[in-house]
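You will see subunit A twice below: alongside subunit B first, and alongside subunit C after that.
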Partner chain A sequence: MVDKGFRIKVLRKFVHLPYTYQFLLPILVFLHSKENPAYRIWVRFLLNTFREAYAHRKPVVWANSFLPSEIHYGLDVIPVLPEIISALVTYLGWSERPISKADTRISTDLCTFYRCALGLALENFLPRPDLLLSSSQLCDGANKFFSTMGQLYQCPHLLLDPPYSNHPRSHRYMEEQIEDLLKQASQILSLPFKKDRFSLVLNRSNQARQWIDKINQLRQSIPSPFPGSEGLSYLSGMNFYSVGSIWSIPFFSLLHQEIEKKVSSKKGYLPKEKYRLLWLHHVRPYYKNEIFNILSSKDAAVSFEEANYLYWPFHDSSQPWKSLAEKILSNVWAGPIERRMKAIDEMIRSYSIHGVIHFSHWGCRQSCGGAAIIGDYLKQKGIPYLTLPGDCADPNNYSPGQTRTRLEAFIEMME
Partner chain B sequence: MDKGIYVGLDIGSISSEALLLSDERILSYSIIATGPNPHRASRECLKEALSKGGVSEESILRVVATGYGRISVPFKTREVTEITCHARGSHFLFPRTRTVIDIGGQDSKVITLDERGKVTDFVMNDKCAAGTGRFLEVMARALEVELSKMGERALKAKKGVSITSMCTVFAESEVISLIAEGLEVEEILRGLHESIARRIFRMARRLRVRGEITISGGVAKNEGIVEALKSLFGMEINIPNEPQIVGALGAALLAREMS
Partner chain C sequence: MNSFLTFKKILDDLKRNDSSCQNKKLIGWTCTYLPLEILEAANLTPFRILPEPDTEKADSYLDPNFCPFIKASLEKALSGEYPSLSGIIILNTCDGMRRLFDAWRFYCKPSFSYFLDLPRVIRPSSVAFFKESLKDLIHQLDFYFGRKITEEDLQIAIERSNRSKALMKELFSLQGMGEPPLTHGDILEILSEGWKIDRFLFNQALEKFISLLGENKKTCSEAPKVMVTGSLLDGSALIRMIEELGGEVVASDLCIGQRILNLVNLDTDPLDLLSKAYLGKPPCARMQDTKRRIEGLKQRLMESRANGLIYFSLKFCDPFLYEAPAIEEAIKETGVPLLFIEGEYTGKPGGGIRTRIQAFLEVLRRDG
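Showing the complex of A and B:
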């Protein structure tokens, strides 16, 4: 019997070796050879990012998902998004240990994505950061988490603090903040500050945006060509992590091709589609659970998810700071809730939605806070609505029986 | 008299009920403890109901299973959630019902329905057992009071003591401390009943409670809870003659309506 501490030590050693990702790449690509080609790009993108982060040939910057990814690629750094790492660790069934480790340091009321990442950091599983960047938009736990990481790694932390309103004054304020943050980041990382590089990245981002828009239009087809469970995993993952990188254009264009084939053959992802659902909130539980199987067994398709809603306009690459400010301030999940409700209305219409599920993730003020207001609004319009409380990263907070009853009763309400 | 019958089976965490329906008439019903094997409980309670009704198994036309153990019923025609079944059963008994409070063994729910008995919205407690039958069972044991007499004894106290913990485990410790402090069992009981009722009331306020309220599930037999709820809602509450069979009745009605 091998000692558990020894196994963790060996695992840590492998995780830190850049060759591990090089070795895993052909294996994982082979194992996923039957998946769509876009999925394989996601696998390549992640393994390549991890390899580069652990090899540390370029500066490693940790950032939260709500900071536009164009910032990382414009700075020419290796981005590490702790929330996405937590989701992957959860998917692999390894989240319980880091979460319990983090519970010795931080309140159990905090989001489990951050608790999982904190546990991984405390056990030295993550690549060492050179800089921490976080945005206060949407996620109130992020800044505290990054601040803690700053202390743990003795590493500078820069904060972007977007204002609440979308007023022209807010735009000017945001533009200045972005420019200032990027100059400071370049200085800290001893990187040349190149505005042209940002313009190039924004051009790439625009191309990716075109494909995302086309994908979203295809997903309006009946029956639903693409499963919401995947929309909430690698598709939203690439939306948050890759836009502006060299990976984003092949990923979104290939995914578009795949979905187009399904639409042309009028093939839905379910054998039979009776109900079309909209999933609110950016995430879903990533550990093994029955949520999407229960819905599928009732012929209920998750046709679209707000995580992939395209809220931001095309960038003007000649004015990168202005464009990035525009992207941040047009975020419908921040600011007045009326803006989010308008977007939900649009999604309900465009995707011929019969019912809406709002997943309320443990510790997420952004998602739980608006759930009741959105629910009242939709119920008044006669749209069946379910708030599904749960946790995306901690399987101990999953209650199978109650989740099944809630989902099935919701479907029965629509019958 | 072996006419075609419809069966509703409600396999709950504490008790299981079978109800036989012939046309619109309740032929018979049975209530048994679920025990560790919901599969066996479903067979046993059906057998008992058939025997009470004097009908044979061959006369069963359809079976709808509900309750948390609905998945484990091998001979069901269909499974339907207890939310839909309690709404349907309550509406059948009290057609003006627009809100149902169902307090079961391991969860409690508030359901709103339309004039046809169709569910329009619902809320249920989160995964902890606070405010459920299981909570009362644990407290009855801690206070050494017979479960069936808890409500009656709670009503004897002029006022209840404040119980701050709603977690079943912590509340049990709190109750034990209160006994040690020399407080009257009746006052503690009243406090417990009031805290459960407040919890249900708070859940109900998340919905638009309107029309008549009907209470179903085993806990509806507890006068202490019912009185506390009446006082919080400020209105009368319909109580079925046998609140434990409302889910099974709804299931049987749905079995009859199935095409």
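Showing the complex of A and C:
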């Protein structure tokens, strides 16, 4: 038997080698040759990002998902998003060890995505950051986790602190913050500060936005052409991670093509679709679980998920700071809950939704804190609603029996 | 009679003799980053939301893994147990406060509600933004309560508040005086009385109480000296427990204690000064700069000559929970032992916490 510690050491060695990702690329592309071409771009995008992050030819910047990705590509750095890495690690079935490792240091009451990322950092699996950039939108964890990382790696941390209100004074303040942050980041990373590059990236972002909008429109079709489980994995992953990069336009345009084919042939992702559901919260459990199978077995399609709701307007690439401020402050999950409710109303209408599931991820205060209000609001409108408590990253917090009972009761309620 | 009861008697006598202050409208508030001077300038009485621990109803309206203080705050609002509040002001302190603001409006429908933005960083642009936000608050108060707040009103309110904070500082300096000696727990309870009443009345009561104390001698204690830091405490129960177990709490870095004693310099632009003073006050974990918090704690430990630090975090309080390891490491480097407690908002800390504090005090005693 090979010692576990030795195996971890070997694994860590491989994870840190840029060649690992070069080697894995053709294998994974071959293995996924039957998947849709957009999915293969996601795989390439990730492997390329990890290869570059470990090769460290360009500055490596860690950031949270709600810091607009245009910032990374405008700065021309390699972005590492710990939350997304945690989701991937969970998907591969490896999240338990880093979570337990983190639990020796911080409270188990905190978000498991950040605990998983902390564990990975403590075990030296992650590429070393040159700079940490985070936005306090949407949650307190996004500020404090990155501060913790700053102490761990002895690395500078710059915070973007979006206000709650969408008032003109908030826009002015955001613009100032963005410009300051980018100037400071360029200085810390010894990169030239190029405003033109941001304009180019924002133009790319606009093109990606057009495709996202078209995809979202196609997903209004009945039957649902694209599974929500995938909407909550690589589609939302690319939405958070790639917009503004060279990868985003081919990804979203190819995905659009694929979905369009399904819509033209009137084929849904389920053999039979009786109910159309909306999934609330940006995440789903990424370890092996039965949630989507249970729903499918009851002919309930997850037709759309709020993670992919397109909330930001087109950028004016001649005014990059103003545009980025606009993107940040138009976020419907920030500010008063009425903004989120309005967006939910719109999604229910556009996607002909019969029922709504709010997945309440352990440790997430910002989304779960509003779950009851949204539920009561929807119940007043006669829309069936289910709060499904669970954990997206820690399989030990998954309760199969209870989850099945709740989901089945919810479907019965719709019947 | 213990010091708190003496103070309470003084206050009750004053209340009986002066009813003018009691006719003002009450405004509920939740976070000490709110410049109360603005409410006082509007002739309103700020009423701090510091509920008794109970979350029976609120459990159905907020997620199970949610700050127990936030839940208790909502609980009282749902049960209609607050005195007749004419409105509430909640700050952008944390995720919990944002959701409390939503839930309060959605389920309790207050007649006036305001959410005040609060930057996490201190730099000229954030101070300017905070000032703009305060201006907006003033505008909304003017409009809703129909009384124009002038610069003079603000200056008078700042003077009164400064007087209050100076008296509180003096009170802390008198710890150990009187018979029985004034304890930190007594002081926090005295301060908590001030959260519910008019500042003028509170100042009068403090002045009278301090003049009585001044006639006594300070008792020197051999007990292990402890400082307490952390998130919101459910009153003084934890402090009282430390004192009962033979520890002496010599300082606290709490938003019900010494984190609120920031004086505002009186100068030409009161809003400018309020913005700077409040953003720059001893930081809570919700602010970005952990280093500043650590430096502040180290200094307070040194000044108070505390032998140990107790760090308390409410369950599900992300800012304080995330910061705990960094604070622990930094404080331990100075050689001061630290006890970390993660607890509920219960009003009565449990047996487990009692045992841990007992053990901690024993370590402090042993190490001299």
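One rule holds for everything that comes next: the second predicted complex is superposed on the first by the 415 of 415 C-alpha atoms of A that agree within 3 Å, B and C clash if a C-alpha of one lies under 4 Å from a C-alpha of the other, contacts with A are read in each partner's own complex, and residues count from 1 in each chain.
In this text, contacts are C-beta pairs under 8 Å (C-beta built on N, C-alpha and C of every residue); 3 or more make two chains touch, one makes a residue touch a chain.
Predicted model, so just to flag it, every value in this text is computed and none were measured.
Peer 1: With both structures superposed, pick whichever of subunit B and subunit C touches the larger number of subunit A residues.
Peer 2: C
Peer 1: Figure out whether A:G268 sits in contact with subunit B (first) or subunit C (second), or with both, or with neither.
Peer 2: neither
Peer 1: Taking the superposition on A as described, I'd like to know which of subunit B and subunit C A:W362 touches: first, second, both or neither.
Peer 2: In the superposition, A:W362 contacts subunit C only.
Peer 1: With the two structures laid over each other on chain A, which partner does A:D161 touch: subunit B (first), subunit C (second), both, or neither?
Peer 2: In the superposition, A:D161 contacts subunit C only.
Peer 1: Just checking: does A:P389 make contact with subunit B only, subunit C only, both, or neither of them? Give me first, second, both or neither.
Peer 2: Both partners.
Peer 1: Using the superposition on chain A described above, determine whether A:A372 touches subunit B (first), subunit C (second), both, or neither.
Peer 2: both
Peer 1: Of the two partner chains, subunit B (first) and subunit C (second), which one does A:Q402 touch, if any: first, second, both, or neither?
Peer 2: A:Q402 contacts subunit B only, not subunit C.
Peer 1: Which partner chains sit in contact with A:E412 here, subunit B, subunit C, both or neither? Use first/second/both/neither.
Peer 2: Only subunit B; A:E412 stays clear of subunit C.
Peer 1: Can you pull the subunit A residues that subunit B and subunit C both touch?
Peer 2: Residues 372, 389 of subunit A touch both subunit B and subunit C.
Peer 1: Would you tell me which residues of subunit A are touching subunit B in their complex?
Peer 2: Those in contact with subunit B are residues 372, 379, 389, 397, 399, 401-402, 404-406, 408-409, 412-413.
Peer 1: How about subunit C: which of its residues touch subunit A in the complex?
Peer 2: For subunit C paired with subunit A, touching residues are 60-67, 92, 94-96, 98-99, 101-103, 105-107, 115, 117, 119-121, 123, 125-126, 128-129, 132-133, 136, 285-286, 288, 290, 313, 315-316, 318-319, 321-326, 342.
Peer 1: Please name which positions on subunit A make contact with subunit C in the complex.
Peer 2: 105-107, 109-111, 136, 139-141, 143-145, 147-148, 151, 159, 161, 163-165, 167, 169-170, 173, 176-177, 180, 336-337, 360, 362-363, 365-366, 368-373, 376-377, 389
Peer 1: Where on subunit B is subunit A touching in the complex?
Peer 2: Interface residues on the subunit B side: 68, 71, 80-84, 107, 118-122, 124, 126-127, 206.
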